[in-house]
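Chains: A, B, C, D and E, in written order; residue numbering restarts at 1 for each.
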Amino acid sequence: MSLPQVLDRHLRDLFGSGRVNSVLGAIPTRGPLGMAQLARTPEEVERFTLSPLACPNLLVHLTSKEARLDPTRFPLAVLARGCETRMLNQIFSEHGLRRDQVYVVGLAHCPGAIDPRRLSAQLPVLRGFPEATIEGEEVVIREESGELARLARTELVLERCRHCQNHEPLIDDYRFDLVEEADWIEPVSVDEDPGVEAIDAMIPIERWAYWRSQLERCIRCHACRDACPLCYCENCILERHTPCWVKRSVNLPENTAYQLLRVMHLVGRCTACGECERACPVDLPLGLMMRKMENLVREYYGHRSGLDPSGEHLLSIFDPRDTTATARLEQ
Amino acid sequence: MLIGDRKQQSYEPRIVAFLCNWCAYAGADLAGTQRLSYPPNVRVIRLMCSGRVDPGFIIEAFLEGADGVIVAGCHPGECHYEHGNRLAERRMTTLQHLLGFIGIEQARVRLAWVSAAEGRKFAQLIETTVEEVRALGPFQQFPRRAP
Amino acid sequence: MRMLQAKHDIPKLLELMDQDRELFVPVRDEGGGRFARWSDLDLSVNEDIENTLMLAGEATRRPAKDQLFAETATLFRFRLEQGDFHLEEPPPGPSPRVLFGVRPCDGRGFQVIDTLLVGPHGGDTAYQQAREANLLVGVGCKTPGPDCFCTSVGGDPHSSDGLDVLLTDLGDAFLLESITEPGRDWLSGLQKHGVGFLHDAGKRDAERARVAQHEARQRVPRQVDTSRLPKILERSFNSDVWATVAPACIGCGACTFLCPTCRCFDIQDLVQGSRGARVRVWDSCMFREYTQEASGHNPRIRRAQRWRNRFYDKFHWSGDGRGNPACVGCGRCITHCPSGIDLVEMIERVTSAEGGA
Amino acid sequence: MNNRVGVFICHCGKNIARTVDVEALRKEAAGLPGVEWAEDDMYLCSDPGQQLIRERIAEQNLDAVVVAACSPTLHTTTFRRAVESAGVNPFRLEIANIREQCSWVHPGTAETTHKAAALVRSGVEKARRTQPLEPIHVGLQRAVVVIGGGVAGIQAALDIAEAGYPVHLVEQGPNLGGRMAQLSETFPTLDCSSCILTPKMVEVSHHPLVTIHTLAEVTDVEGSIGNFQVRIRQQPRYVIAEGCTGCGDCVPACPQVVPGEFDRGLGARKAIYIPFPQAVPFTYTLDREHCLNQGPLIICDRCAQACEPRAIDFDQQPSEELVEAGAIVLATGCDTLPLSHFREYGHDRHPDVIDGLMFERLLSASGPTHGEIRRPSDHRVPKSIAFVQCAGSRDPERGKAYCSQICCMYTAKHALLYHHAVPDGKVYIFYIDIRAGGKGYEEFVERVRAEDGINYIRGKVAKLIPKDGKLEVWGVDTLLGEQVKVEVDLVVLATALVPSQGIQELARVARVAIDGDGFLSEAHPKLRPVESQTRGIYLAGTAQGPRDISATVAHAAGAASKVLGLFSHDELVEEPTIARVNEALCRGCSFCVSVCPYDAISLHEGTAHVNETLCRGCGACTPACFAAALGPRGFEDDQILAQIRALAC
Amino acid sequence: MSANPYLLQRARIDWIVQECGGPRPIRTYTLDPEDSTEHFAFEPGQCVQLSVLGEGESFVAIASGPEQDEPLQVTVMRVGLVTTALHELNIGDFVGLRGPYGNGFPVDRWRGKDLLLIGGGVGQAPLRSLLHHIEANRSEFGRVQVFYGARSPEAMIYREEFAAYEAHRDFDLYLSIDWKWGPDGPLDEDACEGWARVNLSNLRSTRIEQDQVRFTGFVPQIVQAVAPSPQSTIAVTCGPPAMIRRVVEGLEGLGFGPDQIYTTLERRMKCGIGLCGRCNLGPVFVCTEGPVFSYAQLQDLPEAFA
């Protein structure tokens, strides 16, 4: 299950040439999620895997307080798919990291990553970390005892892969093709987003009834914030005492304030990667809000975060052609 | 006075207004010097510019019992600090859509341009907002209960 | 005392339970299930009770803990004046309730918390009052979840620790066994009112229960040897096995908030105008702010230190007061860790890393 | 947090006390957490009121003060001085506006007192969280840019230059003089307008400290009070000022005849011209728009040939100059409502319907008819004239709502001068009300009214019907209550005064507010008529609103005195409510750098740094920073959140 | 059903002494607890939870002696949310008070022994409580040597009491100021006049005159210079963690055994009664089994000096 030979040797050379101090990748775990690991020596590279089952979010470990406390890990090589290079661009544009601190191993022709929840929903009997390969429109799950299942790719991949427009990495210092050049890679992306459209179709009372039942279940464990590569403030306002934006009591009003403030601090930055939804231990549909805001921002201001590493922040600039809120309201 | 029991009595909407010091606040003062009258449901907070209004303030206002929020600044192009109002526009638009997405009626957050000379327009803005928010009913979604 | 209850009459039994004591039952929701008030549910007549009330299969993702050790509990209320304050009389104690459908691991969880939430200056009254007011009716685990390892930490899919009554699934009926005095009084009270569907169980039913319980024990998916852990942990505090966790852990509180034995809390004052309340809210040792001192010093600033502290607290420093570790092996922190950190794998790693030496 | 707050509630005579129960307000304020003392007083802004505050601060050793009275725009400085003199930092004062935004606009119900209480609560919560702030001292450029070369601009420039400070006088037209230069005589003394204006123009042109820029416009204003950078764009005159002796030989040589703007289209001028004989600077101007030579192609150089000192230069280029100034005076003057506006009076069909300014040109000796009053149509001396007052003024539906103040007076003057010129002429003045409020004004009108042949008819003119060489004026005489029909040779409309051309653009550039009618809006109609709302930019003359020449000169002198007041200190004391960065929280994401309208924030080694002189404290950077690492002092997040909590519940 | 352990009593602030100013000012509050009709009983070294309702609670050492006649006093440095709120209160205001908590110094086991009290900064507060107790029962204790160090003369607390001790000579007093830093930067030479220099290169060689009290240098250095004998002596040290670590090393160097050295530890605390789990040193809670620990205990407790 370890890395393909070419990539394995390239990563080891990076150590040799002193270009990087560590390599960040994912190792297989018992459940179909994989675990981020930091290889500080060439030998440790051998444990990494490129399996579509092991795609935890690696970038959160570049900007976290942990990374700031351990500067020796930089410069660091990270395996990044197209969507992850988009997140990297956004981080660079916010000076969260300097470009020279990161050696980007771009994973090209990305056919998509498997969503562990969708996999365990379709294969509840699955135990351990099977071997999974994506061939054409199907995902083939194999065990030692042979083929376990063939499932449709669009049903199994992460939500962000279903809307993917970056199958190729935007930036990279080294490019590695996950799958040989194939024309079938493109069609996985679908336009319509049933979740967001379903809510858009509702009237306000229905919407609130839906979100009320979701936000009541939040246990305020901060997993959504801590899983986000763009949430790396020193003293996050969601936990700040003076001034206190969100009180510590766990109830509907504070949970709603928590999520609203978090989303408003990500508007124009978030690349709708869905990590917050995946990290949530009580399965709150946070991805809906993020995708809604990403669509809104694209529709109203033509802004897609993470495409330009030196781009301006959406809410720090304005454009005379903005469809003025008041004009619309006064129609 | 607890939020809870204010809502039981006959419903008078509580509106919090963030007015920019140079235009909207001066417009409100002008409405005063002209002795216009408008409903007392609005409570004003003076800020130097509508660009200072943080989306978090709007959320805090709803949490603390407001039924509607007005953000009023200078007309586009007339901002005393050049483009504070244009920045406020993007922030309020995105916030309105986010609130709308989770079920808060968009009419509860009102962004308006009132210049220092528009006392009458300010009074009308207050009246229409109070009527609209009264029509929507009290803000039941996520007000903070007394501890 | 033992009673037998046919499965199809369960809703009637639950309705009966709800008469004198407020009934709370596990309810399946988009978040893997939590406990909710029975009267709030509007179950259709042909509802598949076993699935909705999660009597079979996995336990509720949010443990029964939050019914007794609430996420936010008022310690006392006060009124502020200029330079002075007045305490208001404490809130009334909780009304008597029945918690039906508690899994044995959650039950044992309460036993652990009982030993932790009591100190030299008295216990946490909010928790103790709730603990005394709640009657715990456990239901045995017929099919444990994917990451359960309760048998490796002194637990059992049908253990009765911390419970007042235990139900065992016999296929077409449940066997109710009372464990504690209050459990027996409650069961006999129930039997008096519940004429017609609760009837005495014979020796053969008890035998069928034993067989079912033994089968359930075999279905616990994961095992790990924790016997040598205490000795190993004596000397592995500074081992670098803990470093394997650091690059993956994101420092959130998911594992601690889902854990049935985590009871760390923070005390905060909530004020509105001149009225306020001092509340106890859940806190997690995995948060950096947990040990952040005002002077800026933080004894556990790195995530590996915090993870190690949680591991030691579960397997070495605290316990259930009966020689078992403070972990009840419910597997929730394994299944729902956003970073894929596996506690059982870590136990194996620690044992092998230090065990051999 | 300051826990010894003093709350002072003002009755403002009856203005607040009429609808707000001040006693209940005082009682509630006394009970608020953090409030040590609460008191009410009839007039807090009065000296006894100020003294009361000072005494209470000492007595109760208060550390912050809330004044619940009128709008902060009025007395913030007064109360800050009172509080400061009692030893409390002036920025620990918070004003709750319970007059303009509460007592004046709401009925005397309990809800109004509730609202006042909430506003006081909000003020207290903010006052408790204020920090002591020290004003920031900023260097001061002691130079002025005066925009507009009319009498207002000239007066302001002279007063400031006399006090010893350099002035840049910027005039859009080719020469100074503005509207007043076009007048013949002035009321009520009938002084010849250019006789009293020319000495001023000469004085200002010779003053060593005044630099005159004609044919010049201000295109950009950067910086702020005390440190403006004004960009002046100089249009080419195509005549070398130093060379031109003013001999005028070039004019007869020029083949191109053009309608003269200065004479309001009644007279003509050549492509190379000087608007009027007393023009300052006395230099001819070549109007390349109408000159035969278009663009670089030179096909006619007759004027150059005729110019003996060779002072004509066809390829002069526009130039720009950046001037440092501590203050700016806007004296851009006014214009009259174009005649095309009056369809119903048929101007566009009849040349003998003119406006007051055109009649001035007819009266003026240097005018197109050299002082003889002749009809534009056939140049005959009109035997009867009808003056139509309030043409476009006091007419909200079709024109301007306001009264232009000077028309009644100049029409009376026109009638008198016409009567002297044509003793047997008939004058009909259609008016609604005669407004003659100035010194000697009423007496002047009475004198005109007494002349025979001058008939004041109280009524509006409905229509003008051209009828065989004359104009039939259909009006009404409301005093006699009957229709009036009069045949006259000439009709003069007293058109409304409106702001001058291009004021919109200039206001945008200088970031100055404009009122509903397009005039520059003053800081306060009663108390601060010569200051704009933008600190450091002052208003002079009719640019701020209609007024006669004496009022314009007084207004301009007022503006000049404000500038001199500013320049009397050796440095500028700035409000300290500017942004402050908490380095520990700043992530160096530079979102604030791009949002600041004044580019006051820059990144130093990954942390934001605020330039104290540039920052104006607008606070636009604070919501842009999601790490909440910076905020304007005086409007910090914790203060505003506390205000929201106080107001919303 | 035990009473709610979080409930607190009102205590009126009778008197406030501004011990020192600077970025982190220190104040001593004299409190009059409302409930306890008789004396608020505690042992030296114990702590109380001081509440400013609306802000929170702060775990603070009691600075006054346990004897009946002494009013209850606490010394608080303004550093966090609650302590800042405390510093804004005035005489006549009320604070919340609950306790006493923590184990306090094992004074009974120290009767008849010589004592070494080494304090740093605001850490002197619990030692002052011990000193007052010793003064009240002077005969029960042997020789008492008191070391106290602060950043600069202005940053010293309890200045009058030290002056009194200096006068009546009952204790051997050694006061020291950081020889490098004053409140506004490095101390120049003449600011240190009257404060003897310690020979840093060879501490043992410094000659300490008989009545020499004031020194410039860090407390651990002064202790090395004075070199007290470990013979039947108990050493107690409280102050910033960095100082404690170096003092303990120094004492071990002088031959003190781990059970002869006691110290108090600081941790973030919330409940103060061993329930909320955050102040743990391994299995032990600082708020109940501490804050006083012997060095022997600390040697096998993980993260003691983290």
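By definition in this document, a contact is a pair of C-beta atoms (placed from the backbone, for glycine too) under 8 Å apart; a residue touches a chain by one contact, two chains touch by 3 or more.
Keep in mind that this is a model prediction, so the values were computed, not measured.
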Length of the shortest touching-chain route, subunit A through to subunit D: 1
Farthest chain relative to subunit B (centres taken as mean CA coordinates): E
Chain separated most widely from subunit D, comparing mean CA positions: C
Chain at the geometric heart of the assembly (C-alpha centres): B
Which of B-D and A-B has more C-beta pairs touching across its chains: B-D
Distance between the centres, which are taken as Cα means, of subunit E and subunit D, whole angstrom: 69
Length of the line joining the C-alpha centres of subunit C and subunit E, rounded to whole Å: 42
For subunit C paired with subunit D, centre-to-centre distance based on mean C-alpha positions, whole Å: 75
Whole-Å gap between the CA centroids of subunit B and subunit E: 53
Residues of subunit E touching at least two other chains: 81, 89-90
Sites on subunit D at which at least two other chains make contact: 3, 595, 623-624, 637, 641, 645, 649
Junction residues of subunit A, two or more chains touched: 237, 242, 245, 247, 249, 251, 315-316
Residues of subunit D that touch subunit A when the two form their complex: 584-585, 587-592, 594-595, 603, 606, 623-624, 626-628, 636-638, 641-642
Subunit C partner contacts - residues on subunit B that touch it in the complex: 1-2, 144, 146-147
Of all residues in subunit E, those that touch subunit D in their complex: 85, 88-90
Contact footprint of subunit D on subunit A as seen in their complex: 94-96, 232-235, 237, 240, 242-245, 265, 312-313, 315-317
Subunit A-touching residues of subunit C, taken from the complex the two chains share: 29-32, 34, 61-62, 71-72, 146-147, 221, 244, 246-248, 250-254, 256-258, 266, 268, 270, 279, 281-282, 284, 287-289, 301-303, 334-336, 338-342, 344-345
